[in-house]
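I've put the structures underneath this note.
There are two complexes below, and they share chain A, which is joined by chain B in the first and by chain C in the second.
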Partner chain A sequence: MTTVESDTVTQLSAPRPPSLRTTTRARRSERFVDGWHSFRQSKSGVAGLAFLLLVVLGACFAPWLAHESLLDVTLVDNDLNEPPSWENPLGTDPLGRSVLVMLLWGSRISLLVGVAATIMCMFLGTLIGILAGHFTGWRSAIVMRFIDFFLVLPSLVLAIVLSTVLQRGMWTIIIALGVTSWAGTARLVRAQTLTIEARSYIERSIALGASHRHIISRHVLPGVMPFIMASTTLTVGSAIIAESTLSFLGLGDPSQVSWGSMLKLSLDSGAATAGYWWFVLPPGLAIVAVVLAFTLVGRTIETMINPTLRAR
Partner chain B sequence: MPSVTFDDVSVVYSSQTDTGRGKIAAVRGVSFTLPERGTLGIAGESGSGKSTLAMSVLRLLPRNATVSGRILLDDRNVLELSWGALRTVRWGEASVVFQGAMHSLNPVQRVGKQILEALELHAKNGYATATARQARMLELLGLVDLPGAKAEQYPHQLSGGQRQRVMIAMALACDPELIIADEPTTALDVIVQAQVLEVLANLVRERGLSLLMISHDLSVLGSVCDQIGVMYHGELVEIGPSADIIANPKHPHTQALAAAFPTIGDPASRFLPVSSKGTGAMPIVDTAGSGGTDAPAGAVMLAARQVSVAFHTSSGVLKAVDDVDLECREGEIVALVGQSGSGKTTLVRTLLGLQQPSRGEVLFRGQPLVRTTKGLKAYRRLVQLIPQDPSGALNPKHSVYDSVAEGIRIHRLPGDERERVARALTAAELTPPEEFFRAIPQELSGGQCQRVVIAGALALGPSFLVADEPVASLDASVRGEILALLLRLRRELGLGALIITHDLGLAWNIADRVMVMHEGRIVESGAVEDVLLNPQHAYTRRLLEAVPSTAGNARKTPGEARLSPPGWG
Partner chain C sequence: MRYLKQFVAISASLVLLGQGTVATAATVSPEAVMRVNLSGTIDSLNPFTASNQAALNVLTLQYESLARSGPDGTNVPDLASDWTVDDTVWTYHLQPDLKWSDGEPLTSKDVIWTLNEILTNPALATQNGSFVDSIDTVSAPDADTVEIVTMTAQATNPAAGLMIVPEHIWSDIAEPDTYENTDSPVGSGPYVLESYERGGAAIMKANPEFWRGAPALDGVHFIVYKNTDAAIQALRTGELDLVGGMTTAQYDSLEGVDGITQNEALSTNYSNLSVNSGAADSSGNPIGNGSVTLQDPIVRQAMRQAIDQQMLVDRVLGGHGSIGAGIIPPGRPNWYWDDSSVVDPYSPDEANASLDAAGYTMGADGIRLGKDGNPIQIRMSYNAASTANSQSAEFLQSWFKGIGIGIIPQPTDWDQMSKDLAEGTYDTFINGWGVGIDPDYMLSINLCSARPATAGADSPAGEKWCDPEFDRLYLEQHSETDEEKRKVLVDQAIELQYTAAVAIILYYPNPLQAYRSDHVTNLTPYAGDIDYYWAYADAEPVASVDDKADSPARLLPVGIGGGVLVAALAIFLIVRRRKTAADRE
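What follows is the complex of A and B.
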């Protein structure tokens, strides 16, 4: 009884948090809750996020929703190019597979490639952008020329070249997209780094004896992080489109279904010209919808970071 | 000739917050009259509502402001004027000199064109043709002592004082009868400030203008205005003739404002900066011995030997620091005084190893500064910088704890980090320290931010402090507190400091020695009493003359106060 009382008294008189790491964590989670509250203000952002969650869930549970055997041409017994019916809600493809099942399985590759390529692009872009912004003089100049080189590299041509050198498949596409798209991000991150480095708390930090590493990890990186977050969601969308383009050109793994390879098959098999719209429209619309959802989420995060955009 | 009458004026800002619409009363029930051809200054700290009050005269407030009461220009109520009528009042009868001339001028237009724009928009009969307007523009530049050639320049090519004079010229463009000047000299150094004030005072006197001027500095108002009103928390707490307000202020807040800017040569303010927490709470003079002037002269801590710093710019080599020798001893407070552009910040950056000297060397405890990464790191533990703008010097995302602990983590100091931080915060007079641990800079006032910066420096147990304009961006009442803190650190920890400032009053307040820097050279140095009371160098004398005197007699005759040989300002 008495111990409990004295405990409360000490707590009241000296609010001593157990450790400061937890207070930092508490503040972070507080900020996260705040962020979620302002995110919820945007109807379009919430709609985009909900749609994305639905697609991601579908992609994750595809093997349970529709067994892989349904994609095996030797095992399916539907008619070829069958129009939508109760049995096959989106019809069948020129090989007799259900378009709905293909769409579900295709989302796995499209999302995976889009996200993996974006992570690669963001990692390279952030690292090199911060280096270019943090260092000055000849070191910065070298990094900038390096960025410029990759900025002018045509991604399509590079991807085609890579696929002749490397094995054809998903990873080739991821590498091709990652390597060609980080340069733009790097320039953005560099500009952001420059504005942060001009603040006087950086000079204070240097005067305290901070190393480059300390300044980058404690001040610059947390400062550019929100911009990277917003930029990431926007990049995923364009990476999905790029994946479709490359798969459409036949650079993907032919044994795996993706939205881009579905479009390629529809063109190759003549489905697109023969008027079998049920095989052409769904993958195209799926790409548009997912990219739109990513863009909505990205724009919402952007307005959270930069409240002046809110009124526009 | 309008007179301005405020009759029970209140301004309320409504803002969108999480809890619905919040209302903030910026101005509460203010009444006073500015007579025809009268000059009235409004003093107050940031947030006291003085700018809001002044802008309400021309209804220049943002949309979320609600004004109640009556504001009369002669006998017309400004608040009831139609849009068209208001437009003719704006600029034609009353015009504004805005705060911060750099932001109020368009950076991509020549300044002459911007003055012409004001003439075109509010053209009165006299300036109907382009040539007439051109002539008028040159005449206006002449009125503010600027050569006509300056009209062809862009704002960034002009100095701060010249830009402010362009702003005044624009305000005069349409022969207004009332000028509202919002902090016209803030961010200008003393000499330029004196020039701008003189231009304003002359114009008011010669052209019979009414002037409503806002400043946080009573001495600035005292040198131009007949009357001074003091605002505090949105209320007008005191109003009266300038000399009275400055000489015997009645309201405690006015007293704090008046005392914040010491009279140089007044022994009462020597080593006794005044704070709103009570005058003379820390009688340092007594503890320091007779008069406090003989500083405890210890060993030389920080020294510069023939240091020069040159920058290579497109227009040639610029010598920011030119052959400077200096010595700072242990436990000694040295003030480095100079105008902006005199090279004092560059010199300090060089002393801290943030800038490589092109010639000469920096010595710390008699040893040349080691410029390797490791050597600099060790050095930076011992000599600490207190940067100019305290709110900018703290990462807005870091808590007070993290900011103070930053140096401890960088140098991996042994012992309990928490205890070190708490001790540093206590030393910087932020008590109890636990209450500040979680706060982030935006939750703190400017003075508290500066204390956090100081605590961050103290956490490393330095042997010397270097402060770059430590109080320039702080309110008058906080200024004294921070200066008292620096003095207390010297007394209790024996911590010496090199303080850069453009404010001679600060040097008088706390420094043992003063060095005057001019165009990269140190032109005069010595004990504060010797240099400030008996200046030898012409430049020191000019600096001292430019300090607006709080005695209220500072309205100098034009010949005496004209400080502007070409090239100045």
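What follows is the complex of A and C.
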């Protein structure tokens, strides 16, 4: 009896319009599908994305593809600086480890540091950028001077100093990179915030008594999100390069193999002078390829949100 | 655009790796000079305060001593033509008609002035502390004779290697300890400084007044290269004549190159793991924060047994080195110690067994528990700028983990390490020492009195370890004039230090050097080493100078590497350019 009753109730309220949440969700998934369609238009974007997926899969499954013990210098028994062969497709390093295995494991650190530093940079940049754009008068001026201060600091030098003072390790590098690179993003986000807030629906919201919090989270943040997305993918590339630079300078985590530390070892051991190209080239090319892939994807997203770029 | 700049920066450093492609034509110098790669930086050219090898290489060419260690390791005449010893009285007779490079006569007055300065001015004694400690009086009976009276009879020549400076120049200098001594200095050696820029090249010209006769070359130029790779390219193209301090890969790459002769000498250095066995100041008060576990000799000995020295030599040094146990390397054969009845062979199993027996139980994660019940975690510092040290650290970490001792690697630099050392704020660190021809100094830095006066004070002590029995053996060998009896005492002292396992020898690295044998010849090796005084002083030009640049084929792979990177950079830039096209319009 109860079931019949409830059925009746449902039938009675049937002509109600779909809830706000459902509409938003439907609109978002529609937008995502649209976005994916226009992303697929760009061959270079798809190529970059496919390559990145491949690299990420390799990094995730590295422990199963090549056991960690292959990196333990006391356990490997290959010759030192062996040229490429079937057994070691990219040869061996000056301590007898397979360069291919090092490259695979190095991608974990390079990607992890690159992505984590970017997330940190994006979080700081978005937060501070929106605050600077949303507020006006002296509050905005203070935040802007704060941004300007970080903008003029030479980020690489600051990162070097930070990773020297703090204890060495992966997290130190992530923090050093994140803290030094958010200022550019903050200015971008501020500019976007100003454009959005000049629109009349924001004025209407304010007239209806909307709080700062409501305006920022409901109107401004969704509006700047696509720009943050595009900027993120482009920033990951630069963060990977910065990580490699720091490792190359010997400031990385000593217990982990990364592409930058491979380059450092190849320079220190004189691999270039001796003509051991199989140890000099792969880490450099890997950095170039991954950064290029991130740039391609980032640029494609940018064209999606800014159609004026499409025709070019 | 900020990240773009970083990209350009790292691409530039990648391309730098391939700098061998830019092989400039060798310049034939109108005068016959030898160009030497100055490895390391010059700390000072003041003979009283200079301490690092690069500075001493320059200064020993400029200032002669009364006696110096000859190519075979025995003391040979220098400014003094001969000397006699009568218990504590050392009498030196100067060579006839000695002159400074400015033509002024060099007499016993100069010698006495220099020695007195060192004895009376503590600021000038920094590099000659052991001399000051052992001397009673110095005097000059006449212009050609010097008399040095030591406190006790001693085996080592008190004046050997002690650089003598001209009184007529130095007595006018108000503060000799801070004097830079780079403005046309006056010397007595085969070459004197002509010009020098801080951090740059030191140009030395021949001294026609040199007592052994004017040298065969017009000059020796010590040139600074940013890294050894660049120096080797310069050697290949003939811009440099002598390069030392190479890595294995660099050394091996020069094999069979026309006009270049390689030189591998028996090692006079050791690389060791220095263990903080309970650092204390010279009055015995503990300093620093070293691990308590390392105060147990059983742990230190077990760590030593876990090290496979042969693997380090094969892998880190590429076979260019040797293994051993004591603090005297094989390049000093008279004092080398390797007593197989005492030395523990490599055996991780035995190391594990002795740790088990000593009550260090294995924790769940494969790390043993210390006496306080916490897992043993040992800090290990090393100079990150040294390839061999960084590589050794990787091996040690793995081996120590194998016997249940956890390692926290701490790559750092020498400045930080010297500070930690002086304050005792370390557990272990990878160190190395160059060992002189006489073992006296190496032993003296292990005396109880060599420990710092207070935490952080300057001290030569390597390990801050103290054993009264060792001190007794040191004093006995110091005054033992019979070489055979002295050898027995020195052996006992080294064995005592070995048993304590405070300076765990990793290996003895052979110096790897190469020179242009088509430019210079007659480089007299000093215990096998040609990057030293005797080689510079005796070098002669080769009659017909024939510059042969390196064949491009060898550099091809590196060139391709550079090319690919430049191409990749170009693609990146083009993509970026397209991206920012809208902004620019």
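Just so we're on the same page, the second predicted complex is superposed on the first by the 293 of 312 C-alpha atoms of A that agree within 3 Å, B and C clash if a C-alpha of one lies under 4 Å from a C-alpha of the other, contacts with A are read in each partner's own complex, and residues count from 1 in each chain.
As a working rule, a residue touches a chain if its C-beta (ideal position, glycine included) is under 8 Å from a C-beta of that chain, and two chains touch if they have at least 3 such contacts.
Predicted model, so just to flag it, every value in this text is computed and none were measured.
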Which superposed partner A:V152 touches (first chain B, second chain C, both, neither): neither
Which of chain B and chain C A:D268 touches, first, second, both or neither: second
First, second, both or neither for A:R199, with chain B first and chain C second: first
Superposed model, chain A: greater residue contact from chain B or chain C: C
Partner chain in contact with A:G184 - chain B first, chain C second, else both or neither: second
Partner chain(s) touched by A:P222 [first = chain B, second = chain C, both, neither]: first
Touching partner for A:A207 - first (chain B), second (chain C), both, neither: first
First (chain B), second (chain C), both or neither touched by A:G96: second
Touched partner set for A:V33, first chain B, second chain C, both or neither: neither
Contacts on chain A seen with chain B and repeated with chain C across the two complexes: none
In the complex, chain A residues that touch chain B: 14-17, 20, 23-24, 27, 199-201, 203-211, 214, 218-219, 222-223
Chain A-facing residues of chain B, complex: 352, 354, 373, 376-378, 380-381, 384-385, 387-389, 392-395, 397, 399, 401-402, 406-407, 410-411, 418, 432, 434, 437-438, 453, 456-457, 460
In the complex, chain C residues that touch chain A: 2-4, 6-7, 9-10, 13-14, 17-18, 20, 227-229, 232-233, 246-250, 252-253, 308, 311, 315-316, 318, 384-385, 387, 390-391, 393-395, 397-399, 402, 409-411, 554-555, 557-558, 560-561, 564-565, 568-569, 571-572, 575-576, 578-579, 581-582
Chain C contact footprint on chain A (complex, rising order): 72-75, 80-81, 94-96, 155-156, 168, 181, 184, 234-235, 237-239, 241-242, 244-245, 248, 250, 254-255, 263, 265-277, 280-281, 284-285, 287-289, 291-292, 295-296, 299, 302, 306, 308-309, 312
